[in-house]
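Scrolling down, you'll hit the structures one after another.
In the two assemblies presented below, subunit A is common to both, partnered first by subunit B and then by subunit C.
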Partner chain A sequence: MSLSLAENMAAPGGALRRGATARLLGWMGDRTMLVSGLVLMALILLFCFLGGLVYPASPVAIHGHHAFQPPSGAFPLGTDQIGRDELARLIQGGFTTMVVAIPAALLTFAIGLIYGLASALLPAWVDKVLMRVLDAFLALPGLVVLIFFASLLAPSNTELILLLGLTSWPGLARLVRNEAISQRGRDFVLATRQFGGGTWYVARVHLLRVMAPILVVNFTFLLGDSVLALSGLSFLGLGVKPPMTSWGGLLQTGLNLIALNPWWMIFPSAIMIFASIVATNLIGQGILARLGEGR
Partner chain B sequence: MSAVLTLDQFSVALKRGRGKNVPILDDINLTVAAGEMTALVGESGSGKTIASLGVIRLLPRGASTSGRVMLGAQDLTTLSDAAMRKVRGRDIGMVFQNPLSALNPSTRVGAQITEVYRLHTGESDRAARARALELFGEVGIPNPADRLDDYPHQFSGGMRQRVMIAMALACSPKLLIADEPTTGLDLLVARQIMALLTRLRRERQMGVLFITHDLSVVEEHADQVHVLYAGRSVEWGSARSFFEQPRHPYSQALLGAVPRLGQARLVSIPGNLPDPETRPPGCRFAPRCAYREDACDEAYPAADSMGGTMFACRRGRTITPEALGVSEQAVAHAHNTGAVVLQADAVGVDYARSATSFVRGLFGGRDRLRALSDISFSLRRGQCLGVVGESGSGKSTLGRAVLQMIPYHGRVILDGHDFSVMRGRERRAARRGVQVVFQDPRESLNPRMRIGEIVAEPLKLAGMVGARARRDAAAALLDRVGLNERMMSQFPIAVSGGQAQRIAIARALATKPAIIVLDEPTSSLDVSTQAMLLNLLKDLAESDGLSYILISHDIAAVSYMADTIAVLRGGQLMEMGDAASVLGAPQSSYTKELVAASPHFRAIHQAGAVSGAVAVADKTGF
Partner chain C sequence: MIRMITKRLLTSILTLIILVSVVFAMTHATPGGPAFSILGQKATPAAVKALNARLGLNVPWWDQYFIWWWHLLQGRLGFSYLLNRPVTELIAEYLGNTLLLYIGAIMLSVLLSIGIGLVQGVTWGRWPARLIGAFQLAAYALPTFFVGTMFILYFGVEWQILPTGGITDLRIAHPGALDYARHLILPILTVGLLGVSGLSRYFGASVHEELNKDYVRTALAKGLTFRAVLFGHVLRNALRPLVTILGLSFPGIFVGSVLVESVFNYPGLGYLLWRSALSQDYPVVSGIVLLLGVITVVGNLLADLVNGLLDPREIYD
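This part shows the complex of A and B:
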């Protein structure tokens, strides 16, 4: 019996099959951080974008008789102080958070990338001007600027995206510039220029490619930052406006009633914010760890 | 003479992937006698570095060894880790290739030496410092007392290597392991380091295990030579007999691959070094050997001996290489009549350096540093200009000026078109006529592009339309440099250094340039790979009428390729002229020194028949 088992394992087909499974397990085993981050992120996004289909209750309907109730069969995450379904609000808050945070991160990324590449590739005097402007931006504390403009403008969702995008790019821009400068002197870039590759071509074909991993990593971090910044603003009442809500807003409502210990109004939104940040950081760190190993 | 180190049936296997043991080194028998130098010679992948790490027991995790490593009467393989730690540094000193990475950049060199000494002897700080001072003097560092408190970056490459040697000698070891200690150094400096090692081992009766890929380095310093190929010894014995008459075909090919003045063609070895997992069962060199018989594939040949060396070859007794092809310069230097393709008139380069005065710096003032002063030359079609000099001589700067990569003054005229009067599109198009091949083949290929895309890129930029047409053209280019088009879907990481350099050449050929600037094209490659590449370049020059500017510190490679040689030092032209006359009758004292430092030329002057070449070179495969 044991002999035939050993034979089976030694058979080429068996070895191959085992190899495939082992490879997949090995791939995931080596990438614990990346895989768990991706899974967590996927769950969060499913919750935000498809949660409403599975749990179609209205986030704004007021159930006066059931106000301020802990979780029950009818309201899995309870109700708030005026009787709105907390789970429905958590889903809608998540949707709003993502709908603002993801485009904001994209905008930040685009501005940072273009600004950084321009600074690295345009003539030295342009670089000098751009970098001094960037220093000025960096000198202002980001959150304070955000709060200032948010309280001044009482922004809509679109304005929030612009606001977040226009205030958080300097860090990425500096990173892109420094990376592009260190790459642009490499031999393959010099060779490309020698057979007629222009600045724009070099940036598009060579720099973006070699910088791709770093850019992906930083985009995931930006996404996390963006969720956090939006939640912060909403927490201060400067973000998403009622009747819409966001995770930050939900957390604020719960904490305002802290004396009554409404744990069901505090933990779910806090956990979602926390999980989003953890997920993006796991993905980013996971990729970084792989990069460190590969090169 | 008593043996300091004896390897007895020493084998190493490394773990690859999950649970797979791959033999890297098999059955090595080697001795290093007191006061003598044994050269362990092999190309990359031969297992020479694994052998040295095996001796000091610093192999990667998961490695397993068998056989014995005797240091004097002590078997190192049986020692505990703690005991082995005491042996390292005290009984065995080590010197590595790159002293900058072997020295701690944030600690003064004196402290690094005293650390080793105190660790092993328990002496006081003061005694250790006195010892360090003494060692600095012994290894020839000028003003030792002043330099003890300098940091590694304040030393030049050669001086850093001396510091490393001083550190290795701190506890008067019986054995010194030197792993390619001269490889990154300029010729003259490398020569001084070799002389230093020879003096030290004689004075101290210390054995030296010298690991190198370059036979010519050890030609006049080693007492014993031990040649490794694919993890096995192929030939070993006294250096004198070995260099007089190598017996193994691989040893013969290695010697024949070293360029010598006036040689018609270098010996290159077809094929690739086998991967440790797919080594042939019989003689490992057989698949690449010109003398292969069927019996060679059956079992690894038993060691045989003749004329002072032992060799693992069935036919080693009978094969004698043909006499070295000294061709009276006839073939290589027949192009003195072609049209002038490139003319440089008083080309000079100044670098801006931050102003020394703070006030001037504030107003944007710059001090100018002359990197190259007013060099003029002309290059004919099909000719090669060799530019020789040590690092910092301005030879690469000259290349970059010709390539229009950096601002310069003076004029560079390509095919009658003066770059200094061209602008924009016209200038960009003209630049395509001068291409470049860099030293590090990996750096010159974008790691995230497929090879097909890399080779087709210049075609795309030159406006060739149709992905299909570009693909076919790229395949044809790869074919010209002896590579298979199947490689096109691979990334650069998947190919060897020599193949990567061929890809870079194929790409340079894409725009049909008149001139290629070769900036140290072979200095990061193995000797046999270098031979193949130089042969390829020579063929291309002949078939296409290509001209080269070959920039190199390796005077041997330059002598093989160049029709005209320019010698640079500190940005100044020391000497320029016909290759044969510059090397044969150098005028400036610096050139004389350079030529004298190159062992190959002395070999030539001794009537040429010192070592042989195998059959005719072969550029197929690779």
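This part shows the complex of A and C:
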């Protein structure tokens, strides 16, 4: 980047130069992607978790006389086909989406990390076995397996978290294993081993530390993927159960009425899903870009 | 070389054995068993027992496991509970449509990705590459089912220039093949967009990486034009990882097509899978999952072997 945001802003007036604000802007200017991703994500999370306090209308109350209305003063995002407040449902759907997607991403992350580290650090024959099993799991399309179990169990939110976590880890496991293998031959790891450092010690103290940035990056991608997977499930009618809803569920309801083109029931939830995935990817790619320059 | 190929073949067979076992375990993790989903939750124990006997579910699971293998090796995947037809027959009926959609979408996304990736790789770090990066992110972040439905809304409902779903029978449709092709355009565009978002990003990065290598500098130094280097050397080398990536992205694109096929009511495997999953028709679901797994494993094997031929260093890794 030739001109940072701070230089752009500070140059004409000169007042901001060398001030704390300028330094902050300079820091942010070099990290446009990361910062815009973080800001966007923060806004989305605020909307999901605190939106209900600012806009306390009920997401399930039915206003029969006002069914299927475009946005108005009383209902800022209109109402759905049976007269429920769309803005309240968007907030509640966001809350549900996040309380399922975030723990699901954490679970995926934990399984993938432990599996990948075990494969890289345990004796070679364990690695061979784990890798063959991993290949088999990688060959199973995650969402297809997810659809299978979701149709079977009619899952509650907790079960959805478990299902998402248990079906999406193989990609991360492979990445962690390859990364750990490339790091375990480095001098500082060999030196630690020489001084008697055990496998677990090496994993905890050295590997996790050098791998931290790449792990953070992949966690953000997992979070985006898990929002997307949950929306896909909801679209197929296998996600969060009514009367509660998720963004995917709201979008599905709107899209089912596509012939009437209820834009107020389609775009808000589509934009929220889109924004969450853009935000997580901006954060991830932003960190990756910095890592690339650091090398 | 022969030894390496044999080893690679053997590991693939081992992976397939594990895959089959995982799918078997999946179908047996069903609470209450399939009898309940056929007869309903209020079925009498006697009826359940009778049905289990008829479906061969009354023998111990290890017997079922070996019987399943025996049937698989004969190419039998069982009967659909609902449609009472062999699963292989059902899959054969829907597979053609999916392959058509899939091959069309992959060809579209590979062609577009090569073009987009070249521009992105050459202009890396400057505005055209950034613009392309933004497009790739946007295409990735838009849920496929949303894109598909928007296509239906605009091309089908508002402007009425393309059919919104299904597929016609080649034998009965009035304009025949032309109408058939018209039905394919929107689904192919939707799946293709999903493919382009990922493929073009890999390809762009790979062109950029190749351009910074020593051989490019040498070629330019000895007086070759940039164009000659780009199309003569860089393009070829940058295309190599594309084979592997196509193999790896197969399950991902298929998952996307499940959603796309259900949006367009397109009678392909994804649609069949979705309908069967909703009605808990396990033999069909496990048959499709198994088929996809096998295709992926075999596809990865082929990709590795092709790479080995293109670059013998690969196969020794």
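For this structure, a couple of remarks:
Rule of thumb we're sticking to: the second predicted complex is superposed on the first by the 274 of 295 C-alpha atoms of A that agree within 3 Å, B and C clash if a C-alpha of one lies under 4 Å from a C-alpha of the other, contacts with A are read in each partner's own complex, and residues count from 1 in each chain.
Methods note: contacts are C-beta pairs under 8 Å (C-beta built on N, C-alpha and C of every residue); 3 or more make two chains touch, one makes a residue touch a chain.
All of these numbers come straight from a predicted model, not from anything done at the bench.
In the overlay built on the shared chain, the residue A:201 is in contact with subunit B alone; subunit C does not reach it.
When the two structures are aligned on the shared chain, A:188 is found in touch with subunit B, with no touch to subunit C. By the touch criterion stated above, A:270 is placed in contact with subunit C alone, subunit B being left untouched. In the overlay built on the shared chain, the residue A:88 is in contact with neither subunit B nor subunit C.
Looking at the shared chain after the overlay, A:41 reaches neither subunit B nor subunit C. Touch criterion met: A:132 reaches subunit C, while subunit B stays clear of it. Contact with subunit B, but none with subunit C, is seen for A:212 once the two complexes are overlaid on the shared chain. Applying the stated contact rule after C-alpha superposition, one finds that A:163 touches neither subunit B nor subunit C. Of the two partners subunit B and subunit C, more subunit A residues are in touch with C. On subunit A, the surface touched by subunit B in one complex and the surface touched by subunit C in the other have no residue in common. Put simply, subunit A touches subunit C in their complex at residues 132-133, 135-145, 147-153, 224, 228, 231-232, 235-238, 248, 251-252, 255, 258-259, 261, 266, 270, 273-274, 277-278, 281-282, 285.
Contact residues on subunit A toward subunit B in their complex (touch as defined above): 22, 26, 186-188, 190-198, 201, 205-206, 209-210, 212. Across the complex, subunit C meets subunit A through its residues 11, 14-16, 18-19, 22-23, 26, 29-31, 137-138, 140-146, 149, 152-153, 157, 251-252, 254-255, 258-259, 262, 273-274, 277-278, 280, 285-286, 288-289, 292-294, 296-297, 300. Remark: subunit B residues 18, 403, 405, 428-429, 431-432, 434-436, 438, 440, 443-449, 457-458, 461-462, 504, 507-508, 510-511 touch subunit A in the complex.
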